[in-house]
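Shared between the two complexes below is subunit A, which has subunit B as its partner in the first and subunit C in the second.
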Partner chain A sequence: MLGLGKGPAGKYVSQRTQERVRRVSVILTALLVAIFVSIPVYVMIAIAFQPATTTFRGGTVNLLFDSFTFENFVLLFTDTGTPRYLFNSLIVTASSTLLATALSVAAGYGLTRFEFRGKTMAARAVLFAYMFSPIVLAIPLYVIFFTLGLLDSYFALTLALTGISAPFGIWLMWQYFQTVPIALEESAWIRGASRTRTLWEVVLPVARPGTIATAIFSFSVAWNDFTMARVVMSQDEMYPITVGASLFLDRVTIGWSETMAAAVLMSLPPFAIALFLQNYLLQGFNVGGLE
Partner chain B sequence: MSAVSTLQGRLAEFDEKRLLLLATFVPFTLFFVLVWGVPIGYALGMSLFSDPTGAAEFAAFANYAGVLTSELFSTALFNSVVYALSSTILSLVLGLGLALVVNREITGGNALRTMMIFPYLLPTLVVIFMWTFLLDPNVGAVNQFLLDYGLVQEPLAFFSSTQWAMPAVVVASVWKYGSFAFFILLARLQAIDPNLYERARVEGASTWQAFRDITVPHLRGAILIIILVRGIWMFNKFDIIYLATRGGPLDATTTLPIMVYELAFRGSPNFGGATALAGIMFMLLAAVAVVYFWVFEPEQEVAN
Partner chain C sequence: MARPIRLDTVCKEYHTAGTTHVAVDDLSLEIPEGSFTTIVGPSGCGKTTTLRMIAGLETPTSGTIHFGDRDVTEVRPQDRNAAMVFQSIALYPHMTVRENIAYGLKVAGVPKAERDAAVDEAAETLQITEQLDKMPAELSGGQQQRVALGSAFVQDPDVLLLDEPMSDLDAKLKAELRVEVQRLHKEMDATMVYVTHDQTEAMTMSDHVLLLEEGRLAQFAPPGDLFDRPVSQYVAEFIGTPSTNTLPATVEAADDGPTIVGEQFEIPAPEDRFADRIGDSVTVGIRPQYLSPDEGDHRIRVIVNVVEQLGTEFVVHGTSVNGAHVNVVDESVDGAGPDDELSVGFEAADAFVFDEHGETICHGDALVAARSASPSQ
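Presenting the complex of A and B:
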């Protein structure tokens, strides 16, 4: 399998030199990526927590963090629609996370535990939906919601968001339940537990890591979403924070400092997930990850 | 034990099983029918009518012909391909490079991994705020850097020049989506038996040979999946491009998803055209999905 001794590198360069070259390139890559990833984040934080007068002092941009303030956040809450946007975001994110997770867990359980014809078709439908383009789905959903008079409602946005997050959740739970041995359930049945009780007391606790991963992915789809909200919501007071804040750059009264403060607020949940729940997230990547 | 109570037990068991069956399959089926089947069918239907939301009149494939022959379509298709290819390949290179690095268990590898999760979870809008600021011609750090080192004479308006808008959108996209490839490849790398490398080293294989003959074959499947799935997603990407440039300047970053949105919501709405274009994108996706199912058989993972 190994083409040993054929390549020129193996012949003329000692393994120690190679190891050294590799070490240096490893550290260099790590450093470059770390800089590439962290600079935008640093810039966001610096602008958000510095007074605007410090950031834009003397015609150049100062990002050295020599004074600290919350005034940008105060302005954001008093002068813009941010409180309302955040409230809307919280409502649709919470409801669609709940709905998508419940749906995924139920479907995942059913799809693994019951035999039926057309399993291949079901799997393909789920995967197809998982690869689908949100904007292509958004257009007909808009027309349908318009016809039903449901535009500008939490219900419509919740449904649309669940539409794009649930396929991956279902796929994840489907795979997850396959790793939960049915013997666990069988032994509970033998000891006289009903199927429903087994479900609550045996299956769901064992499936908790998968459920949390599903919830995290559904949460980030909903929290992140711009496309569906842009299409379904047309009134300012119904905008989630992503759509509401996207209009900041066009408004002369709102500067970079408040805009970055809004960005920091939107980054808080992802930040918390990255810090505290990353293992669940990585588990999700083992079955494919999400858009 | 009487026969009656056994029968009752069986019936109860049967009912419960049926109830569970209903509880799991009804929501699943309803979901797919209502949120996927109906809208897609509805869109395909609408695409056959002229002015489907107003005085609808059956027009067969006139909408499709209109979209396909419009000048914007070829531009948008070209832009979609350029955007999807460049952002997918760059994310893959970045993800692969970093996965190889973190897999070496260097100091700070875990911190790097945590750091990589963050861009992936950040709302697209936040990513665009950051890059709009960094690439701004007046206040942006990138332009200041370029000017200071004499690399450019005039600041570059990245997002609003026809020449630089696409590269700028690609950079922002790679920043956000690069970690997707990273996490998948890292998981594959960590699943490779370390003894393979040990044996190769003992037998005198060079680093390059070990990489070519051990690492690459183990990653091949994952790389193909990333190119395929990431490629589809980037081809269909709407939000990051729309937020960065609205498809401009002069359609320089108008991809097919942007064109769908413009047809449906800009100026005088043309839902016939928009749904026809959505139908075309649907068929493109279906074609790719057929290849995906045929080559990779992903359904084997659950339906065996």
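Presenting the complex of A and C:
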């Protein structure tokens, strides 16, 4: 027996070496992940910003930049339904993000601050709902929307997407509100502020990182959704960009270059959000116990 | 306008998982208008629950609470014109110090210019003028508590409630803020109720002290009365540091009347209160401050365990011959060290006598009266 785990820290390997090993492994892991993530992104950019003739010259894929063009994007906007698809995506994403965030904030606050019969059950049901894969919900939702005559409407897709993002959002806000001390609210009540006013002026500002994390999550669910849109929407002019772009390749005039240009367009909003709101995102998810 | 606070048979029960926990049990008292009352007691004795019921954050299970003539038992906290300072300080982290202090006024719809004037005045009183434009997170603990006091101050409440506001501060800041709180009390026209588990705070700051024991009123009296005339062994032991010494004794019949006989002392007892207690076991309580190596008619021997020096005084922790823990506080202990035997004495006038349920039978003055009535002793 070596007796590992006994003795003072640094007995077998000096603390300095341990620290060095830790740092090197963190950097290596980060590097590996970065390479995995950035190569596909580079390929996307390289194809999107070069003329198809350059990229596919000589029967191979040429990924080194030697010319630069926006012609793929121009073609997208003139020859395809891309503007319409983007508009659809925007409408559905915005409304679903709003609805899911409002729902999560309200439900999270209620779960944290009020005692009611079946509270634990409700909380568990919410988390359980999050476990379902979207496709499991897709067929029943289709049946429901078909019965209600809501297929091919923004409203239906908004509801469907909210159904996917809200459970996690509720759970996140529930966790977040637990970190807001009740004394903050009580002190506002005693100073004369009503419950609603306290919620707006004290609770929500303090819970902003959680709310923003929830909003970002619902945004990314809605913006990146393919499954629900494919099920709920059946007319070309109602497709969001995800579904729309996937159909480009069926057409003769549209090739990989245009598809990659569409992919670039799709990536821009999430990229911008990640860039500007990453602090909030980290704070919000930290409390949820995720890192 | 300060108002008296009247609690009438107030009870508060909590039900969790089928068990009932009584936090406050049949509490009746009247806190005089404009007074400074401290609620004190060990953890879990219901003091914070009592304060929260006065604030309106909890509703009594039964009983009523009045502010003056107004029944506020069911009134929302928003409508009581009370202010409260919390143990956790509870400053809004997203507002500046100025906004924090003015929030109550803003809710009340006071115009901005008036709000600013009130905040400036409060800040000056509490010496936080320099901090007004900072965020709460940039302040030290003591400054944060001053801001919390300032928020209460600007509101001009009828009733100001403080829930262990200093429990997270260090000793020096506590001493500073204690003075601050008392000064605020003088400047404000409000009935102040202060919750603490620190009996030094209770004894030094207040006009009245409410001592709770497991949700019931143990004693409600001015601090001096709690110290000199405790109604029970619990009160005598809780108030005062070190705790009151308790020496077991029995009441015996002597030629000249009942006598309280301990291991090493005999105290003549008044006929009227002890005649029917012959043979009962009682407890004699004596404060460590009243035990002295040089003086006292009744002497006990103490084996010294530890001697602590507190500035000009010494605290001796020891054991009496029959094993009871005995503390002595005196200016000189004649160089006594561990394992030495020390003889200390006390006057009957300083003693308390408790029955076997811990209720006070009589205080020292009654014992002295007994002696003067029987000159043969």
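Assume the second predicted complex is superposed on the first by the 250 of 291 C-alpha atoms of A that agree within 3 Å, B and C clash if a C-alpha of one lies under 4 Å from a C-alpha of the other, contacts with A are read in each partner's own complex, and residues count from 1 in each chain.
Here, a residue touches a chain if its C-beta (ideal position, glycine included) is under 8 Å from a C-beta of that chain, and two chains touch if they have at least 3 such contacts.
These figures come from a predicted structure and were not determined experimentally.
Asker: Now for A:E19: first (subunit B), second (subunit C), both, or neither, which partner does it touch?
Answerer: A:E19 sits against subunit B, while subunit C stays out of touch.
Asker: Applying the document's definition of touch, where does A:I190 land relative to subunit B and subunit C: first, second, both, or neither?
Answerer: In the superposition, A:I190 touches subunit C alone.
Asker: Who does A:F68 touch here: subunit B (first), subunit C (second), both, or neither?
Answerer: A:F68 contacts neither subunit B nor subunit C.
Asker: Is A:T162 in contact with subunit B, with subunit C, with both, or with neither (first, second, both, neither)?
Answerer: In the superposed model, A:T162 contacts subunit B only, not subunit C.
Asker: Once chain A of both complexes is superposed, is A:F276 in touch with subunit B (first), subunit C (second), both, or neither?
Answerer: A:F276: touches no partner chain.
Asker: Look at A:P181 in the shared chain and tell me whether it touches subunit B only, subunit C only, both, or neither; answer first, second, both or neither.
Answerer: second
Asker: Look at the residues of subunit A and decide whether subunit B or subunit C touches more of them.
Answerer: On the superposition, B touches more of the residues of subunit A.
Asker: Quick one: is A:L199 in contact with subunit B, with subunit C, with both, or with neither? Answer first, second, both or neither.
Answerer: In the superposition, A:L199 touches subunit B alone.
Asker: Show me the subunit A residues, by the header's touch rule, that subunit B contacts in one structure and subunit C contacts in the other.
Answerer: Residues 194 of subunit A touch both subunit B and subunit C.
Asker: Name, in rising order, each residue of subunit A that touches subunit B in their complex.
Answerer: By the definition above, subunit A touches subunit B via 1-7, 9-10, 13, 15, 18-19, 21-22, 26-27, 29-30, 33-34, 36-41, 43-44, 47, 56, 60-61, 63, 102-103, 106-107, 109-114, 119-120, 122-125, 127-129, 131-137, 139-144, 146, 159-160, 162-163, 166, 170-171, 174-175, 178, 194-196, 199, 220, 223-227, 230-231, 242, 245-246, 249, 256, 259-260, 263, 266-267, 269-271, 273-275, 278, 281-282, 285-289, 291.
Asker: Can you check the complex and tell me which residues of subunit C touch subunit A?
Answerer: Residues 55-57, 76-80, 82-84, 86-88, 90, 92-94, 103-104, 107-108, 151, 155 of subunit C touch subunit A in their complex.
Asker: Applying the document's contact rule, which stretches of subunit B touch subunit A when the two form their complex?
Answerer: Touch list, subunit B to subunit A: 12-13, 16-17, 19-21, 23-25, 27-28, 31-32, 34-36, 38-40, 42-43, 46, 52-53, 94, 97-98, 100-102, 104, 106, 108-109, 112-119, 121-127, 129-134, 139-141, 144, 175, 180, 183-184, 187, 200-201, 203-210, 212-214, 229, 232-233, 236, 238-239, 242-243, 257, 260-261, 264-265, 271, 274-275, 278, 281-282, 285-286, 288-289, 292-293, 298-299, 301-303.
Asker: Sort out for me which residues of subunit A touch subunit C in the complex.
Answerer: 181, 183-184, 186-194, 197, 202, 205-206, 208
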